[in-house]
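I've put the structures underneath this note.
Next come two complexes, and both contain chain A; in the first it sits with chain B, in the second with chain C.
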Partner chain A sequence: MNSLFTPLSWSDSGLILTGVWNTVIISVVAIVVGTVLGLIIGFARSESNKMVNALFGSVLDVLRSVPLIIQLILFSTFVGAMGSPLAPFVAGSIVLSLYTMAFMSEVFRSGFESVSPSMQIAARSLGMTKWQTIYHIRLPIGLRAVFPSWLGVSLSVIKDSALVSVIGYMELLRTSEQLISRTQQPLEILIGVGIFYFIISYPLSHYGRYVERKMAI
Partner chain B sequence: MISVQNVHKSFGDLEVLKGVSLDVEKGEVVSIIGGSGSGKSTLLYCINAIEPINSGKILVDGVDVHAKETNKDKLRQKLGMVFQQWNSFPHMTVLENAALAPRIVKKMSKEEAIEIAKKELEHVGLGDKLDVYPTKMSGGQQQRLAIARALAMKPDYMLLDEVTSALDPELVGEVLDTLRLLAEEGMTMICVTHEMGFARDVSDRVAYFHQGVIAEIGEARQVITDPQNPLTQKFLSKVR
Partner chain C sequence: MDYEFHWNIVFQNMPELLNGAFVTLHVSVLAMLLGVVIAILLAIAKMNNSKPFCYVATVWVEIARNTPALFQIYMAYFGLGAFGIHLSPYVAVLSALVFINAGYLTETFRGGFQSIPTTQYSASKSLGMTSIQAYRYIILPQMLRRIYHPMTNQFVWSILMSSLGILVGMSELSGTTQRLQSLSFRTLEFFIVAAVMYFIITKLVLFSSSLLARRLFKGEI
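Let's turn to the complex of A and B:
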């Protein structure tokens, strides 16, 4: 019996796992890179004067305000047109990381700014240098304060990573689209994909609340 | 010795110190009283190089506090300071709060720093709170922690900026008792305070600040109980 469509079977699990893995890996890359860059920019913005801030701010505003899917398409089309197309993973990682950075920098900036000047003066009055005060006081207190927001951004990055499928990256959504076109079983597959995102996100947010309570200051 | 010589200090157009001179000898306790906005807290901030000055000079053990070549971080190790707001480090236990600066500023070993911190915490009556987080403590306890934290640096001088003003009335006593103890042990202190009883009983001298100048300074009991300057008399009659 030869049909154009073949139903979902266990032999598809390899493809699905590849999709899962690719989703995880690009999310991790974006969260790590975005966090590191966001931390640096967030700190720089909390320290710097209005001019520098406005300059930084407008770039970040663009990254935050233009829909991710448009950024992905624009970026990959642009580098493609320049004659040296990037692998979907590379292009996707760059765009998703910068997008994450834009949100993380605001998160961290508000964290640094939440540490009162008088707290810092108290630290300096003990003889601590500026950098010791930053490292031992401002950083740990600021990071604790923004942990919930950091987790929120991270979780949405995991979900947003599905959009990288539009530039051909074989993450979970894209693999499932391929399976759907072959099996014509969209309902089962999309429900499965949805459950997968839930399985990643829910424990993380739950764990986040636990950590938050533990760190409560 | 702390020597303040004709110091002027402005915030923008507002001149808050208009030529203040004050010498504080080793072992002496000087209280500064005066209305709000009279510049008394600003003077402490200037002595600790937290605020720059516009003119004049402040010497601590002969070192010009505001000279460019002065290492201000090093200088502040000599000058313990406690503020109106206690500013406990909320992410550290009481013991860690007090041990942090000895460890990272004085580069002591962890054991050494902890030993000193413990000693100072017991000194201020917090020996049973070592592993508690400061946010779980009362304001009075946190203020005593701030005192112990400063003492753990083994400062030669203590600058106290209205340390009881933000406290609930019933918590003021324990903090004043701690300061009294320090005074008895011979710590050199400059206290900006609104506690007239404390100023009278604990300090050697009292200075009354009025609109950026020292309007009257003299032996503590005399200034508080028998002020000579009409401005001091007026101020004291209002706060009593």
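Let's turn to the complex of A and C:
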């Protein structure tokens, strides 16, 4: 008797690998763009006065206080309603990058503010220009201090990239969902997906904690 | 721009949206309470040296921390079906959130407990306190102060993550929004209102938590 469902087979590996690749690529894009923008905004926030800082902060706060899934749906419907629909990958990368930026800017701001003012004064008194101080003193020290937090945010972005599936991007979890509806083998497929995320996230999170411990002493 | 906004239909459906918001709050409060209870047990298990309990706690924590929330929800909703366990969307989302909250809070509790020097315990014993008194008056108040902010963040996080209920057909705020927009095709309007409501809920929670902190810790935070 022919069953309505076909079991999981080796010919599905191409589809799964596409899903893996799509998850990796959108996470990398979001982390890179989010880090660059976050670095710029975080630096601007640590430089600017209280008023500008609060203004920046409240705008970024919206990105952090609205669920990512709502942001994704809103953005992709919005550009669609404006008459220029974007591909799921583009829309997803834009939203995910901005979301990452909101967290990264906070991370980098705290990093820049952790560099003590007396160290900057010392650098200036040694004859460094303002930009030399930034480049040789504030950037390296500030960035090193926040490396574990940066890693933590990046890992959560990899995990949050699963949500881009709601606007139709074929990342790993959506691929697996489609396979589940065809094969009716949810457990095997989901465990495989879980192992994939775990393999990426587990070593890196341990490395982050190791670095944090090493720096604490 | 040739999109016309029609807000009327959203306001007509406001009671249903508010009802959805209530379910969101409801599920996140419940997930937080259960998560805290389990996390306390897991933290004790992790700090104890009894091997089997320690393994269970470690595996729980690592899985919860290193896999996406959406994966946990799918696991609860689709995955458990393989064992003949069919959860309703509400229970599936709730159990996934409890699982993750417990995982994250275990580390928070353990870190908070270990940040109190053991000499404090010895000092209170030497002052003639019983060990219950030492925990009640010396260790726990200090620990609460340190884990209060991480706990608030975790609560906000679970409010935001309960929005994933949209994908398994749960009728919390985003699920209700999804259903209403599919009836009326006013997608933008409904989701804008949902976003505003999430923002307000988050801000209210943070505001009341800082009020409570001021009352609890009397400005010594």
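The definition used in the following text is that the second predicted complex is superposed on the first by the 204 of 217 C-alpha atoms of A that agree within 3 Å, B and C clash if a C-alpha of one lies under 4 Å from a C-alpha of the other, contacts with A are read in each partner's own complex, and residues count from 1 in each chain.
FYI, contacts are C-beta pairs under 8 Å (C-beta built on N, C-alpha and C of every residue); 3 or more make two chains touch, one makes a residue touch a chain.
As the structure is a computational prediction, the values presented were derived from the model and not from experiment.
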| item | value |
| --- | --- |
| Partner chain(s) touched by A:Thr6 [first = chain B, second = chain C, both, neither] | neither |
| Touched partner set for A:Ser65, first chain B, second chain C, both or neither | second |
| Which of chain B and chain C A:Leu190 touches, first, second, both or neither | second |
| Touching partner for A:Ser48 - first (chain B), second (chain C), both, neither | neither |
| Partner chain(s) touched by A:Ile121 [first = chain B, second = chain C, both, neither] | first |
| Touched partner set for A:His136, first chain B, second chain C, both or neither | first |
| Contacts of A:Arg144 with chain B and chain C, given as first, second, both or neither | first |
| Partner touching more residues of chain A, whether chain B or chain C | C |
| Overlap of chain C and chain B interfaces on chain A (superposed complexes) | none |
| In the complex with chain B, residue positions of chain A that touch it | 116, 118-119, 121-129, 132, 136-137, 140-141, 144, 217 |
| Residue ranges of chain A in contact with chain C within the complex | 62, 65-71, 73-74, 77-78, 81-83, 155, 159-160, 162-163, 165-166, 173, 177, 180, 185-187, 190-191, 193-194, 197-198, 201-202, 205 |
| In the complex, chain C residues that touch chain A | 1-3, 62-63, 65-71, 74-75, 78-79, 81-83, 156, 160-161, 163-164, 166-167, 174, 187-188, 191-192, 194-195, 198-199, 202-203 |
| Residues of chain B that touch chain A when the two form their complex | 48, 50, 73-74, 76-77, 79-81, 83, 85, 87, 89-91, 100-101, 104-106, 133, 135, 146, 149-150, 153 |
